[in-house]
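Order of writing sets the chain letters: A, B and C. Residues in each chain are counted from 1.
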Amino acid sequence: MTEPLFVIPLWADLLAVGLGGVQGALFASGFVGRQRLDLLGVTLIGIVMGMGGGLIRDLLLNVTPTTLQSNWYLLTAVGASLVGMLLAGVFRRLNAVIVALDAVVIGLFGAFGTAKALALGLPFVPAVFVGVCSAVGGGILRDVILGLPVAIMHVGSLYAVAAGVGCVVLAGSAALGAPIAVAAIACVVVTTVIRLLAVIFDISLPEQRALHRRKVAIETSAIPIIRPSDG
Amino acid sequence: MTEPLFVIPLWADLLAVGLGGVQGALFASGFVGRQRLDLLGVTLIGIVMGMGGGLIRDLLLNVTPTTLQSNWYLLTAVGASLVGMLLAGVFRRLNAVIVALDAVVIGLFGAFGTAKALALGLPFVPAVFVGVCSAVGGGILRDVILGLPVAIMHVGSLYAVAAGVGCVVLAGSAALGAPIAVAAIACVVVTTVIRLLAVIFDISLPEQRALHRRKVAIETSAIPIIRPSDG
Amino acid sequence: MTEPLFVIPLWADLLAVGLGGVQGALFASGFVGRQRLDLLGVTLIGIVMGMGGGLIRDLLLNVTPTTLQSNWYLLTAVGASLVGMLLAGVFRRLNAVIVALDAVVIGLFGAFGTAKALALGLPFVPAVFVGVCSAVGGGILRDVILGLPVAIMHVGSLYAVAAGVGCVVLAGSAALGAPIAVAAIACVVVTTVIRLLAVIFDISLPEQRALHRRKVAIETSAIPIIRPSDG
């Protein structure tokens, strides 16, 4: 079998890292009162959100982390964190923009994860798994480090499912012979659209059995647009 | 030194993954009220419990994760999670069966972890360490993701110790020239017996100094057979 | 490029593991009342603090963990944990000694992490990142496993910053042609001095915006010298 020479373009990779870093810093800046983070804390969360997905992907694939092969990834993540922190006030008024960006970031990390896994010869199901872990892994790390309930365990709006469907589309298209770049774009589009539709129409997964009242509260904690001060 | 060609049979590996997945889903289904998990959450915990031990083992050994080389691992873990979720009501009445299954799962993961570490040339002590991490790693990941106190840090009933003794038996037998399959079976038997005896007779490790009142509460949280609804 | 044949001397590596293990056990022994840990729990935290930094470093570098290539690392970590536990009463009166040891440990792990990353060909920025992760990774793992707020996210006394500056000094000196051993010693000294000055003069990073009242409470939880019993 010929090694499929799939290389994620550096600009695309850095775009995902940068958007993730901005997201992370916005999230971390949302803590007020006693839980307030200092400058370093906000930057660390930006790094975790910008680079966590790629690190988890490369750990699962047992390859040397791409994000540590060049100075640019960390510099981008730190720079994006500072931008996110400074512009937190502005961004917060652009709620729709933040949600849309977040959806695109999930799509990008899912696409890169699945594509890299397929390029390394993983079968369909684990390739999709690696993609989903790349997409949601940064958020899980963020929540664990901040001591928050892990959002995707409770969130109602099809967060991980959006990533999963996008990764399945990528892996399926690739299996049917589509060029990987086209399949990756399809993945990002599908993930973004599902996620946005889920947010707009407030769709959630079926409960195990009973009604789930906590959804709204947790959903807002996933992207803390408005978080009343407790201090 | 000839590389000991130890290969865990796929059926045995999938058996451990499946039993782990059922365990995880039973555990996750036990959350009621505000903490209730949705369908995806229960499945994720099933995947974590079924595949977490193997992933941690392969990360520590710096080899490509076996569980991602075939579609079967994830399909088994997901299928087992669904079975565990659907049959949660039935299983819960079979308390003894659950505890016994859990003990066998710890034994299997400990045996596979230690055997693989020895096969890769690790010395005695780290091989046992990798085995114990395989055995208890899935549970640690589960507790961290669910935001629970990590069970093995507080549990009284010799959970990690049972795994450790089993792994020592395996590594010791192998050092004395026993066939690895025999040593692995001994490991599973020893781990299971110690764990079950500890549960039956409520044996615990010595405290640092004082009495430890929290044991019973935490022990039940490790396997939430009965968990009164709070909603 | 010739591979720089940098090998951390075993005695230095074991020194860091041992000091980390003592630190971890002292920390874990500090829990009283309902949160009291048993013998195994204290030892596990000692292992996490003694070996966690090295494991995280080797995972990020995608090399086989050094700490699992020899029996000595685990034996040292376990032995150090027992020493730390037994002498907890004595050590606690030597507050200054504990803080100083902790500062040296951060410096050692930071130096080993950065030096190994540079030896493997990583660029400047990611090499420093790996060093900082080695220095603070054990503490993050400890806090996550114990269900505590992650100290470096909230701590005021320049904990991670001290490690970062030390790692920058190492990487910078190496880039300017200094022998790696000299650069490593400079790293340890710089990290230790910054950390101690920060503790002595109670220096902290600038807030994002407002006053940060929680600093003292969290800082004491990072090294629980005095922790009133709640049971």
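Note that in this section a residue touches a chain if its C-beta (ideal position, glycine included) is under 8 Å from a C-beta of that chain, and two chains touch if they have at least 3 such contacts.
Just so we're clear, the structure is a prediction, and the values are computed from it rather than from any experiment.
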## Note on the structure
Rotating chain A onto its identical copy chain C by a Cα superposition takes an angle, to the nearest 5 degrees, of 120
### Message
Validating interface symmetry: for the copies chain B and chain C, is the fraction of residue numbers used by both over half? Same or different.
### Response
different
### Query
Once you find the CA centre of chain B and the CA centre of chain C, what distance in Å lies between them?
29
### Message
Could you pull out the residues of chain B that touch at least 2 other chains?
### Response
59, 62, 144, 147
### Task
Spell out the residues on chain A that touch chain C in their complex, using ranges where they run on.
29, 34-42, 44, 55, 58-59, 62-65, 67-71, 73-75, 85, 144-147, 231
## Note on the structure
Interface with chain B, chain A side, in the complex: residues 59-62, 117, 122-126, 129-130, 140, 144, 147-150, 152-154, 156, 160-161, 204-208, 210, 212-214
